[in-house]
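Following: one structure in structure tokens, then a few remarks.
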Amino acid sequence: MSESTQTGINKFVGNLIGIKDSFLGSFLRSRSLLSDRSKAAVMVNNFFLHVQGAKTHINTLRPTYTFGMGLISLYLFFFAVISGVLLMIYYSPSLENAYDSVKDITNVVFGGNLIRNIHKWAGEGMIVFVMFHMARVFFTSSYKKGREFNWVVGIVLLVLTFILNFSGYLLPWDQLAYWAMVIGANIAGSPAEITDILGITKYFDFGGLQKELFLGGTVPGKATLPRVHFFHVMFLPIILVIFLGVHFWRVRKDGGLTKPDEFGPAPVDEKFLALPEKKGGIFPTNKTYGLMELAHGKTPAVDKDIENTVLSWPNLVWAEFAVLMLTFAGVFVYSMYINAPLKELANPLIPENPAKAPWYFLGLQELVSYSAFMGGIALPTLALIGLGLIPYLDREPQHVGLWFSNKQGKSVALQSFIVAIAALVGLLAFVVNFGWLRTWFTDIPQVAIILVNPGTLWVGFVMAWSLFIIKKTDSTRMGAIALFTMFLVSFVILTYVGTELRGPNWDFYWSKSQWPVH
Amino acid sequence: MNNNACCAHKDPHKKEPEGVSRRDFLGLAGIGVAIAASFTAIAGIFRMTKATVHYEESRKFKIGMPAEFPVGTIKKLDDKKVFVFADTEGLYAISCICTHLGCIVSPTEWGFQCPCHGSKYNKDGKVIGGPAPRPLPWLEVSLHEDGNLVVDAAKEVKKGTKFTV
Amino acid sequence: MEGFSDKGIVRTIAGTCVIFLLLFLAVTFHKTDAYGEDGSPALGKKVYEERCMICHGASGDGKGLVGVIKRSEKSGRVLDVRPRDFTTGVFRFRSTPTGCLPADEDLMRLVDGGITKSFMPPHKDELSLDEKKAVVAYIKIFSERWKEEEPCKAISAAKPKWLGSKASVEKGQKIYKDMKCWECHGDDGKGKGPKSNELKDDWGNQILPFNFTAGSLKRGANPEDVYITFTAGLDGTGMPSYEDSLNEEDRWHLVSYTLKLMGVVK
Amino acid sequence: MHRRFYLKLLLVSSIALLAFALLAAYKEINPEWKHYQNNYKELFMKNAKDEAMKEKAKAFKVEVQQLYIEKLNRADRCVSCHIGVENPMMAKAEAPYKKHSGDYLGKHPLSRFGCTACHQGQGRATNKEEAHALEHDTHWEYPIVPLKHIQSSCAQCHDYAMLEKNGADKVVRGRKLFLEKGCLGCHKVDGAGGILGKALDGIGTQPRAYFPMRYIQGERTQSAWHKEHFLDPRAIVPESEMKASINDEEADFLATYILALKSTEMPREYRRIRQTETPDMSGEALYKKYCIGCHTTGRESYFDEIFNRTIPSIMNPALLKSADNQYLKKIVSEGREGTQMTSWKPTAAGLTEQEIDMIVEYISKDRPAAKPEPFDVAKFRADVKRGGELFNIRCALCHGKKGEGELGINLKNPVVQSADPEFLAVTVRDGRAGTPMPPFGKDGVGLKEQEIADIVSYVKTLSQKKL
């Protein structure tokens, strides 16, 4: 019975019965997921899935290539945002209630303590995995031709992650928060040291401006908490999401993850791919159409998957879903057993001793303990610029997609690793035992200490070393590897020194048990 | 500019001055003003974030009558973050906010020690160790008309200036 | 915390050994140059009357015009301090064995340095050497013993190397317990032992045992002085001499433990 | 069947997540206080005698209990564990189910006061360790007040007269001790008191981090700190000059009173300060308040090891014989600069003129009738140089070469420098009976009057000598 002759009622009932299929069809926009074409369609037409291509290279699905670092960082960001939003229900950013509201979250709100822990550890986890992700991208030289700017976007994301974490632990308004604000604001204000030396502070007090913008006054107080809350909850996340978008879009435009030039699927790959459902039939694949795919190679490939790729559905989707659940389980279990710290209520009269930032800023705190401006602003900015320029200074196209490029890469990395440990530990031991310029010549002008301090010496040494490697190996890639390895080593060593070996008054102690009780 | 602008073709032969045509001028002016407007807006936004009023107690405060500070007193006014000393030459106040990154220094037998990054000062506030860029500022001590001693934490004086009652 | 590099440690040890040697030599030589016996009695009388009589009294019996001075210790105990009574010839800070008269050097040292917590002022730069000799000679007239008895030989004290070592301190602690020092000086050395309240000196006045944690010893804090106190005892007070009941090595162990109580040794 | 790695990874992670999620859920629905409340419910049902009570016991709902007190801005959840605090049937139960002792809850209903207003501790916490906050790592500034010091919270609303009548003996005893041990001699409270020690306004609400805990043996809380500090001040604060001979029991009472000196006031309508009793303005009470700490009975002078100086006997008849009240008042008002004797005038230690007069009057109550033999110093032509030599021989021994004083009193301070020369001369001549100062005149050392006049003139020049 054609449509027109049916009575109104029949039409209505018919639609009612068929609502399941019609709705599903409209929602999934694809019919049965058997043929390649429908599997590709599912990827392309779905709003969430279309962030990945219809087909994925086999190398991408090898866990040992990327270890899923970028993905885990993304998922951690998701969990941080979700738990963050939930916390916003109970947290109130006014001076009087901030601390009490956090206490209420941890004590009374159902699952409150767990959500707060998840928010904290997801945030800090992001730092860990973003650093690993950067290291992976670097060591597989995935910043070469075409992907340079994406590396720079990555650096911006790294900085945003750090600042988001920093603004995060200021919100509970406990002792750690208050003194971190005081120190953070004064680091922001430390350019005043330079403008003082140049004598132009009266006209152009850049440090003072930054400090004022952050604190809303000269001392952390009523105006500071709402500002930090605005930065942490609205301003920074939005910027981070924008840059994330750019980051993913560029990864896709640059053709997905990098892959080694000569790539052959190894038997081990079988484990990471979905088995073809189609058991028999002429074509080994489910190809039912003559879709001409864009092939990069010179010879036309017939009946062979183009460029060692497989359909994203279900391979990549399974992989990503598995990593999602792995990350969620990881954060969840960690948060169940380890509580986010919450110190005493902020007390502007009694600083903590030692006043230690969370672990990821202790490397910086060690540098800051030599000179506020140099350790706090100049050296970190220099490091970030140095990192950002790597893709523009090392443009050798070979060995993309191979860890450490080649055997020489591995040896340079190892060499730099050992030299970095020896030199930095030596430098720190010297500073701890014999002090620095100020202890030898008390009347030395401050500008000398700003310019010549363990921080600047170390950065100078790292740069000299990588230039030396470039001269020796005649390859900018090797120089980059040396530089990056030393950056990672110094981050780790300075963080360890700051965490384990520094005690009250930032003095040197071999172990926490030696700290004098005060 | 030729006057019948609406439909006349530009006469190629007549040498007109190499100026900006009306349409270009309008376009340029439009863009220029748009940029100016957006910059003003942005400047306004930034100016808005600069707090005009600070919720902080005034940094000039009374610390009590001179007699409360006989010779030999060493007093730390906790909530004002100032040390007040009285010796035979007179009264003087040293700020206890570390010039490095703003922590509160604590007194020791050889001077002052900052708990945050290890800056060390001698008894006069001169830096003798650690990253502090400037000595602890000496603050101006004066006498209020009602006889109370007043310390102005915003006004730094030369080291060694002592206020005699 | 300023640690020393290896080179630094070697240099400092060598330096201290040299200084110690010189000190040791100076002390030994210093002792032999004996004081002259004479010093005119008239000068002695004049100095005694001007400076000493006011406390030690005209007849040297310690009952001068000043009389008793009350001293309130840090621990809250109030102590009557009385000037020394010369008539009995009994002195505490001697370098001669117990029961003997002090050697002239002892008296000279007391006049020079004074006794810190007993209000005996130092006269190092107030009196010339002659005046000091004169007054030391003059106070001998108050007691017949100076005429009858021969002065004894001073005790020599050579500091052993292992003084203050962990083992020595532990041995000293055992001796401190066995010899019942804690009865007067208390377990923690604060001078509040069970018998510390009913102690009397030879003149029947209450006297309190020394509080090691209060720091300055009257005779002087270097180990040799402590050793001499154990060996010679403080005549006139409850502090006996351990010359015969403890051999020399044990006494030095006791010195180590005392230094630990005083916080001189870790 | 599927050897696929990712599916297995997905399976394992999801199972782990599910398991821990259930575990978390279980932990979330079985908090510590629920265990206490269940026990309480059983106890309640056991103790319930009549039918109505049984009904009520059965209907008891187990949930977080919170007392939110708007005016005090406190949200106390102590009753989540101390559930039977208002239930008379729980009188004999052991903690935490025990009914509140006495009928305090009658007069101080929970709904209006909550618990932390008096007991302190962390009201918002829902487990014992954080609520009592005795440990340092609970990061809470106001640990629970031990019961022996609980009366320190009563003084926030009640005046001491009322407290005395209603059995708050500990804090009342503490206050009496505080006023009789001369604590105000060195500590300023409400603007009146000495300046040698820290001002004690608001000491009761100082956070835990304010107190140096380096040498504390016992618990690291404010009350334990005060107790140990009273027993041996120098053991806790090495450079302290605190002179306190306080036994164990007194230390408890004093600690209770010290904790009662709070800086935060309860709101107006809570306070029951009906009539503040007129402070005892008698000379003796004032003497006990301010002077007894150092001068003790005022009868004997002794050399104090802590101040490293002799503390004069201010009620010694020998002193009163030659020093008139006007001179004594000057000493009390101006104090002796360079020594621990603080200046007590209104603009310094904050005593009123009238109080100073009362003290001087009390001090001089045993003034003997006989006047000392006059000594007309003016008629002698003083030879300061000769006076100096005599001073160095006779006086420097005790008063120090520059008169800064140690066994002898400090002669450099303005009060002595501006004292009446005859008073000084008489003192040198007759000495000060009952103190180590001997008579230097004819019935003592035997100096001639001319020599005494020279000494006095030299003493007057001592203030120019730099310390």
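Letters A, B, C and D mark the chains in the order given here, with residues in each chain numbered from 1 onward.
Just so we're on the same page, a contact is a pair of C-beta atoms (placed from the backbone, for glycine too) under 8 Å apart; a residue touches a chain by one contact, two chains touch by 3 or more.
Predicted model, so just to flag it, every value in this text is computed and none were measured.
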Average the C-alpha coordinates of each chain, average all protein C-alpha coordinates together, and give the chain whose average is closest to the overall one.
D
Set B-D beside A-D; more C-beta pairs touch across A-D
At what distance in angstrom does the C-alpha mean of subunit D lie from that of subunit B?
41
For subunit A and subunit D, what's the span in angstrom between their mean Cα positions?
54
With chain centres defined as C-alpha means, what is the inter-centre distance between subunit A and subunit B in Å?
35
For subunit B paired with subunit C, centre-to-centre distance based on mean C-alpha positions, whole Å:
63
For subunit A, residue numbers touching 2 or more other chains are 349-350, 435, 507
Subunit D contact footprint on subunit A (complex, rising order):
61, 63, 96, 100, 103-104, 107-108, 110-111, 114, 174-175, 270-275, 315, 318-319, 321-323, 325-326, 328-329, 332-333, 336, 342-345, 347, 349-350, 516-518
As the complex stands, subunit A meets subunit B at residues 179, 182-183, 185-187, 190, 193, 209, 212-213, 216-219, 221-223, 349-355, 365, 368-372, 375, 435, 438-439, 442, 446, 449-450, 453, 504-507
Under the definition above, what is the set of subunit B residues touching subunit D in their complex?
65-68, 70-73, 88, 147
List of subunit D residues in touch with subunit C within their complex
234, 245, 300-306, 392-394, 397-398, 407, 431, 436-439, 444-445
In the complex, subunit D residues that touch subunit A
2-7, 9-10, 13-14, 16-17, 20-21, 23-24, 27-28, 64, 66, 73, 75, 77, 122, 124-126, 130, 139-141, 207-210, 212-214
